[in-house]
Structure formats: structure tokens, C-alpha cells
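Each in C-alpha cells, the structures are laid out below.
Common to both upcoming complexes is chain A, partnered first by chain B, then by chain C.
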Partner chain A sequence: MKDMKTFYTGLVALIVLGLIVVPFSVNVERSYLIYFLFMAFIYVVIAQGWNVVGGYAGQISLGQHAFFGLGAYTTAMFWVHGLLGTGADYYFNPLLMILSGIVPAIVAIIVGIPLLSRLRGDYFALGSLGLGEIIRVFFVKGGDITGAQDGLHLPSGGYESMLPYYFVGLLLAVLATVGVYFIMRSRIGMAFRAINEDEVSASSHGINILYYKILAFAVGAFFTGVAGSLYGIYIFHVNPDSVLNINYGLYPILMCVLGGSATIFGPVIGSFFMAGVFVIAEQHFPMIHPIISGALIVLVMRFMPTGIVGLKSRLQRD
Partner chain B sequence: MVSTSKEELLRLEGIYKRFGGLEVLQDINISIGPEEIVGLIGPNGAGKTTIFNLITSFYRPTQGSIFFNGKNITRLSAHKVCHRGIARTFQLVRTFSKMTVMENAMVGAVFGKTQIGMQASHNAAEALELVGLANKKDNLVAHLTLSDRRMLEIAMALASMPSLILLDEPMAGLNSAEIGNLLKVIEKARDERKLSFLWIEHKVDEVLDFCKRVMVLDYGVLIADGSPEEIANNSKVIEAYLGEPSA
Partner chain C sequence: MENLLLEVNGIDVFYGDVQALANVSIQVEQGAIVALVGANGAGKSTLLKTIAGVKQPSRGDILFQNQPLCGRRAEQVANMGIVLVPEGRGLFANLTVLENLKLGAYPVKARAHLQESLNRAFELFPVLKERVSQKAGALSGGQQQMLAIARALMAMPDLLMLDEPSLGLSPLISKEIFELIHTLNERGTTILLVEQNVNQALKIAQNAYVMKTGSIEMQGSGLELLANPEVQEAYIGKRWSKT
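What follows is the complex of A and B.
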């Protein structure tokens, strides 16, 4: 047990170290690899967000794209309207990025109270799906404040290099993964797992079900919102089609299920794998790209219910 | 508001429960004192489990009130009832099968009385020790036998440091050696922890042997409450049990 832990810690440290070195061995501004890894980092953050609420706490959210969009829009609106004060530097402002996680988390709490107090999970799944649409309408009808259908254009004058994107992305991916690890080792994680397995039993043992479900939803929303903020800073044009795309609600589910949900590294593996699949699909069959994603979800759930991480133990058992 | 004597732990007052048109419980009045082990017997569908579900707030009574330590707990949510010191087991065991034995006990210890750190793991380990599962603490619950899972459920209850434990047919599905073991554990828990038990059981002989006080529920009506001798000689009870097959 102890040896395995040392081994995995060492392996992870080595991989992170490798990822730190990568930009110094390629042409950062031209390299497709850097773009691929940057997107994989963003996927890791949103996948870990879903992992908390859907994987560990067992509340199947279909509306994570709402939080991705809210995070991006929070960053964009504060920036475009100068809400942090006139002299503030908005480009990669850590305070603004954290705020872009807090706003979705607050929205998650507000909508979570009615959606999660129903005993049946499908109310929540459908309700969270509806949330994405409601948020979209809100931003489309938001007039000058939200930029309506065209969205908001961020001042891109500060752009110099892809390097800060890469490293902030890497940092967020590591923080999200380490964060999930510590949450799951705490009493909060214990409550999530208990609720996932048996709500009746969990409440009989003193666990406040509604509180922990909402907490899981809010933590997932926070992660996703911060990822949305980084993505918004990257595309410089935040609009309903770019950041409120339902793909950002489906991808994290696909990545978690593929890699192994309710595990620490499953979502990481799933994110890198899918980022690779997307690259290939975009290059070779851009038109049917969404169809492939959908088909993959179905296939994975059918043939690999415990994901890539689970394959190892399944193979050992057979 | 209602005054209660110090010697009373749990009181059900005029409890009625209806599901649609089905009257499952009628005017149930129960009082249980500290360190009492009370048996609750009755034919299938009599409403025994429903009484547990009402005490633990999974259901709301149609009418009537429930008091614990003199305080009204009728409208409390389920997790708060647990915090007040009422633990339960389930007729169909509800341990967490994807967790280890120790993790299950920790759930009871951590959330039952909002204990933190060392105190929680101490209580969890002690509870496992008491039921004899300490040597299996790292086993996955999915791999345990039914008997071990029933013991674990009792350990989870004990770990929350309750003053009352509700047992719902803890002997169901166990063989006689396992039943003997279970009775020892319950006795030990009562003696070491000064707990009260309300104990639903189908095995009438065991209950009459073991409990100093037994209650009988028949189609939602409490037809007897007394010593095992009184119960065994009660004509209503004999009728309820012997009359059942011909009904």
C-alpha cells in the first residue's frame, strides 16, 4: 500500500515536471502540442468539477456548461465594464478568476436548493440541463451589459505569448486534481460517497443530504467557472455560442466516465484522451465531430462502465 | 410543553399513520426508559417498521407526537434525529458496500454526533471492537457475509454514541451460531454503554427469552405491552398469532 502510494506520487510529480519542461523544448507560439495540452488542462478542470458532483456525490448534472459560460461571462463583464476599478489589470487577474468561480458557485447554491431537495435524481438532471438554456437566454437578452448574441469582446492588446495560458492551465489542472484528492479524504468526501451509495442510510447516520448535495454542486460549479474564465481570456470573444455550448456540459461527463469517475486520476486520463480524439476528429471529419462524441459516450457506458482506470482492476479479476 | 418524567427516554403519543386510504397505525402510545431493552413483535405488515420510520423522521405521522429526552422531535429532519441520539439498523441491511468496514464505522462516528479527528476514529474502532469486526476493518463491505454486515450496521449505530438504538429484525437470515453471537453483542452494548434498545423481531421465542419487556403490534394496534410471561399468556396475543393462518 505504502509503496504504491510513493510510486504514484513519484509518477505524478514526474509527469507534471515533464509538462513544465515541454514549452521550453518546442516553439510555443506555433506548436499544436501546446494548444492541445492547454485545452486538455481546461478539460481536466471541468472534468474534476463534474467528478465531484456527478462522480463522487452521484448527482448527475447535465448543466455544467452553464457554469463554464457564467465563469467566462463574469470575467468578460468585469473586464469590459471595468468593475474592478479603472487602474486594475484584468489580464490573468487572479482575483477576477476566483470571482469567476464564485459567481457560478452562488448560482449553483440558488438553483440547487429547489432542484436537489427533490428525492429523485432525474429532476436534478433535467433541471440542470434547463439551467444552461435559462442562462443562455439571460445573456442573449442582456443587451449592452452582456453584448447580446454577439457577446463581449475583450481587449486583446495584452496578448504576447501562449506561455502564460499554458502555465495557468497546468496550475489549475493540478490544483483541481489536488483539491479533489483532499476533499475526498475529508469528512465532506465521506458524506459525498455515502450519499451516492444510499441516501436513506446516509441521512439515518446524521448526514444532512441536501447540504452536501448543494455543496458538491457548488464546488463543481466553482471549478468549472474558473476554467471558463481562463477560456474566456484565451478566446477574447465571449458569446453564447462559444462558452455556453452544451458540449461543455457533455465533455466532462464523457471524460469522467471514460477515464473512470469517482477516481482521482480517471478524469485526468479521460481529458487527455478526449482532447486527443477531438484533435483527430476536427482534422479528419469536422462535420461529424459531435456525433462521434455522442456515440463514444454510449459505447463507453456500455463496454467500460468503470472507465480506463477501472479496466486495470477488471483485467486483474478476469 | 408536555411534562415528562426524568425516567423517560422516548415517548410516542397518540400516533396515527395513514398511507392514502390505508390506516397502518392507530393511536400508538409507547414509552421507553433508559437502559431498557424492549422487544416489538407482531405479524407481517403489522406496522412495526413504520413505527421506526416515524421515530427516525423518514415518515411524518398523520397525527400524534414523538418526544425524545422530553423534547418534541416529530418534525425534525432525519439527520437531526440521529444527532439527538437515536440510531437505527434496517430490515434489509443498508451498509455502504463500496466502503471498507472502518469507513462505514467512521460515517457513524463522524456524522452521528459531529465528532472530529481522533475522537471519531477512536469511537469507530471501539464500536468495531465491540461487535467483533476489528480484525476485518480494512475489508471491503461488498465482500462481507450477511451476518458481518448486520454486525457492522450495529457498530455504525454504536459509533454515533446514541442513547437509543432501533433494531429492525437483526436476526433475519442468520444461523443459530450467528444469532447467539448477536445476542452477546447486544447484551455487551447495553452493559458497556448503558443504552436502550427497541427491537423488532420475528423470532418470538428469542425475544421472549431475552427482553424483560415486550410489546405486540397487530394490524396497526398495540395489543399488549408487558413482561414475557404476561405476553405469552395474553389471549389477544395468542389469537393474533394463532389466528393468523386461518384469516
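What follows is the complex of A and C.
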């Protein structure tokens, strides 16, 4: 048991070390690999966000794109309207990025109180889907403040290299995964899993169900919002179509389920795997790439219901 | 009367339009085993759920240690010292035995005693100690019931409510569970027990209530009811044995 733990810790450290070295062995500004890994890091963060609320706490949210967009828009609005003061440096400002996680978390709490106290299971899923649409309409109709349909253009003058994007992305992916690990080892994580298993039993053992559901929703929103902020700084043009795209609500689910939801490394594996599938499908089947992704989901659900991570224990059993 | 732990006074409970309980009153004294018996659909489980705060009564009130329970949510009731082991056990099947036990100690006042409660649970249920890192869902039926009771005890409840603890267990294991309930009671835990196994339940209960279609039909000491011809006819099955 202990040996396995040391082995996994070593393996993870080695992979992270490898990822740190990668940019020094390729041409960062031209390499497709860097872009691929950068997107995979963003996917890891949003997948871990969904993993908390959907995987561990069992509240199937279909509205994570609302938080992704809110994060990106928070960054853009603070930047464009100069809300951190005129002298501030907005480019990769840690305060701004954290704020871009806090705003979606607060929205998740406000919306979560009526949504999670009244709706369960499929109904909550549909309710959260509605949330995504409401937020999108809100930004489309937001006039000058949100830039309406055209969105907000960030000043791109500061851009010099892809390197900071790569490392900030890597840092966030590591922090999100370590964060999930520690949350799930704590009493909070145990409460999340208990609620997922049996709500009535959890509440009659003293667990405040609504509180923990909202907490899981807010933590997931925080992760997703920070990822949205990084993506916003990357694309420089934050608009409803780019950041409030429902893909950012569906991808994390796909990645979690594929890799193994309610596990620490499942979402990470799923994110890298799907990022790879997207790349290959886009190059070889540009028009039908969503069909390939869709077919993959069906195959995974049929043959690997516990995801890639679950394969190991299934193989050991056979 | 000064050592009355729980008092249910004339409660009505509805599922939508269907009335499940009508004017039900029961009393549980400190340190007693009180049994609720009756046929399917008599409202026994509903009564336990209502006391636990999972359901709310539309009329009447419930007092626990002289404090009103009505309007409190399930987790607040649990924090006050009432723990329900629901029908079907309500285990967290994908969590390990140890995690299930730790979750049992969730109520604030139980947290500080986690380690000593764990030791006591393992002393009462040595089989659970052997399986601490197994998933609860992988245990046998009897072991699952033991885990459910052990988990409830982790909360150090003032009142332990058991809903059909012998359901689905072999007669031998079922007998073990009843012996265990007796032991727990001797160590000072007050128990409110719902059982289909009327014979066994009445034997260990100091006090018992017979429920029928949502109301209390009879009450008395366990042995009194056991000797009552009406109870024998309806629940122990003399009349049916003739046909």
C-alpha cells in the first residue's frame, strides 16, 4: 500500500518534471505541441472542477460553461474598464485570476441555493443547463459593459511569448489536481461522497446536504472560472461564442467519465486523451470531428463504464 | 415521567394527499427499548422518518429532551443526538468500512471522541476491524447491518432508531442482531425499534406499540402484548396456521 503510494507520487513528479522541460526542447512559439499541452492544461482544470461537483458530490451540472464564461468575462471586464486601478498590470495578474474564480463561485452560491434546494438529479442537470443560457443572454444583452455580441477586446500589446501561458496553465492544472486530492481527503470530501451515495442517510448522520452541495457547486465554479480567466487572456477576444460555448460545459463531463470520474487522476488522463482526440480528429476528419467524439463517448460508456482509470482494477480482476 | 427522552404528541403526516399517520402519540423513556410493530404500510417507518426530521408532521409536536423537534431538518435532529438506521441500512456502498464509520461520527459532539468510538466499534464488531479498508457494498448482509449499527453508534446517540434491522437476514444472523440490540441497551443506549419480526421484538422490548393503518392500535409492555390473543392472531399468525 505504502510502496504504491510512493511509486505514484514519484511517477506524478516525473511527469510534471517532464512537462516543465518540454518547452526548453521545442520551439515554443511555433510548436503545435505547446498549444496542445496548453489546451490540455485548461481542460484538466475544468475537468477537475466538474469532478468535484459532478464526480464526487454527484450533482450533474450541465452549466459549467456559464462559469467558464463568467471567469473569462470577469478578467476582460476588469481589464477593459480598468477596475484594478490605472497603474495595475493586468497581464497574468494573480489577483485578477483569483477574482475571476471568486465571481463565478459567488454566482454559483446565489444560483445554487434555489437550484439545489429544489431540484435533484436530472432536474438539477436541466436547471444548470438553463443557467448557462441565462448567463449567455445576459452577456449578449449587456451593452457597452459586456460588449454585447462582439464581446470585449483585451489589449494584446503585452504578448511576447507562449511560455508564460504554458507555465501558468501547468501550474493551474497541478494546483487543481492537488486541490481535489486534499479536498477529498478531508471531512468535506467525505461529506461530498456520502451525499452522492445516499442523501437521506447522509442527512440523518448530521451532514447538511444543501450546504455541501452548494459548496461543491461553488468549488467547481471557482476552478472553472480560473480556467476561463486564463483562456480569456490567451484569446484576447472574449465574446459569447468563444467562452460561453456549451462545449465547455460538455467537455469536462466527457473527460471525467472517460478518464474515470470521482478519481484524482481520471480527469487528468481524460483531458489529455480528449485533447489528443480533438487534435487528430480536426486534422484528419475536420468536418465530422464532433461525430468521432460522440462515437467515442458511446464506446467508452459501453466498454469502460469506470473509465480508463477503472481499467486497471478490471484487468487485475480478470 | 421525569426520565422521558422522547415524546410524540398527536402527529399527522401526509405523503401528498395520502395520510400516513393519524394522531400518533408515543413515549420513549430513557434507557428503554421501545418496539413499534404492525403490518406493512402501518406507518412505522414513516414515524421513524418523522422523528428523524426526514419528514415533517402537519399537526402535533415532538419533544426530545423537552426540546421541540418539529421544523428541524434531519441533520439538526442528528446533531441533537437522534440517529436513524434506515430500512435498507443506507450504507455508503462505495466508501470503505472505515470511511462509513468516520462519517458516523459527523455530528459535532461526536467528533472529539472519534478514536475511542472507533475502538469501541471494533470491540463490539471484530469482523469490521478485519475489513476496514473494504468497500461497504462488498460486505455480506449481516455484516452490512452490523456496519450500519456501528456507524450509528459512532455518533454516540442518545436515541438510536432501528428500522427493520433483521430484514433479509438468515434466522441465525437475525438472532445475533437481536442479541446485539439487547447488549447495546444494557450498556445504556435507548432504542426505538421497528420490526416485522414481532415475536423477537416484543421479547426484548420493555414497551411496545402496535400500529395499524397509520394509528396506534394498542400499547403495553412487550410481554403483555406478546401474550395478547389479538396480537398473536394478527401478527404471530395463529389464525393463519389453520388455513
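Here, the second predicted complex is superposed on the first by the 317 of 318 C-alpha atoms of A that agree within 3 Å, B and C clash if a C-alpha of one lies under 4 Å from a C-alpha of the other, contacts with A are read in each partner's own complex, and residues count from 1 in each chain.
By definition in this document, a residue touches a chain if its C-beta (ideal position, glycine included) is under 8 Å from a C-beta of that chain, and two chains touch if they have at least 3 such contacts.
This structure is a prediction, so every number in the text was calculated from the model and none was measured.
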Chain B and chain C placed together on chain A: clash or fit? clash
Please work out whether A:198 is in contact with chain B alone, chain C alone, both, or neither, and reply first, second, both or neither. both
Scan A:304 for contacts with chain B and chain C and give back first, second, both or neither.
neither
Going by the contact rule set out at the top, does A:208 touch chain B (first), chain C (second), both, or neither? both
TODO: Look at A:60 in the shared chain and tell me whether it touches chain B only, chain C only, both, or neither; answer first, second, both or neither.
DONE: neither
Looking at A:174 after the superposition, I want to know if it touches chain B, chain C, both of them or none. Which is it: first, second, both, neither? neither
For A:279 in the superposed arrangement: first (chain B), second (chain C), both or neither?
neither
Overlap of chain B and chain C contacts on chain A, residues 187, 190-191, 193-194, 197-198, 200-209
As the complex stands, chain C meets chain A at residues 52-54, 73-75, 77-79, 83-84, 86, 90-95, 99, 102-104, 106-108, 110, 151-152, 155
Residue positions on chain A within touch of chain C in the complex are 187, 190-191, 193-194, 197-198, 200-209
Interface with chain A, chain B side, in the complex: residues 56, 58, 77-79, 82-83, 87-88, 90, 94-99, 103, 106-108, 110-114, 116, 156, 160
Chain A residues touching chain B in their complex are 187, 190-191, 193-194, 197-198, 200-209
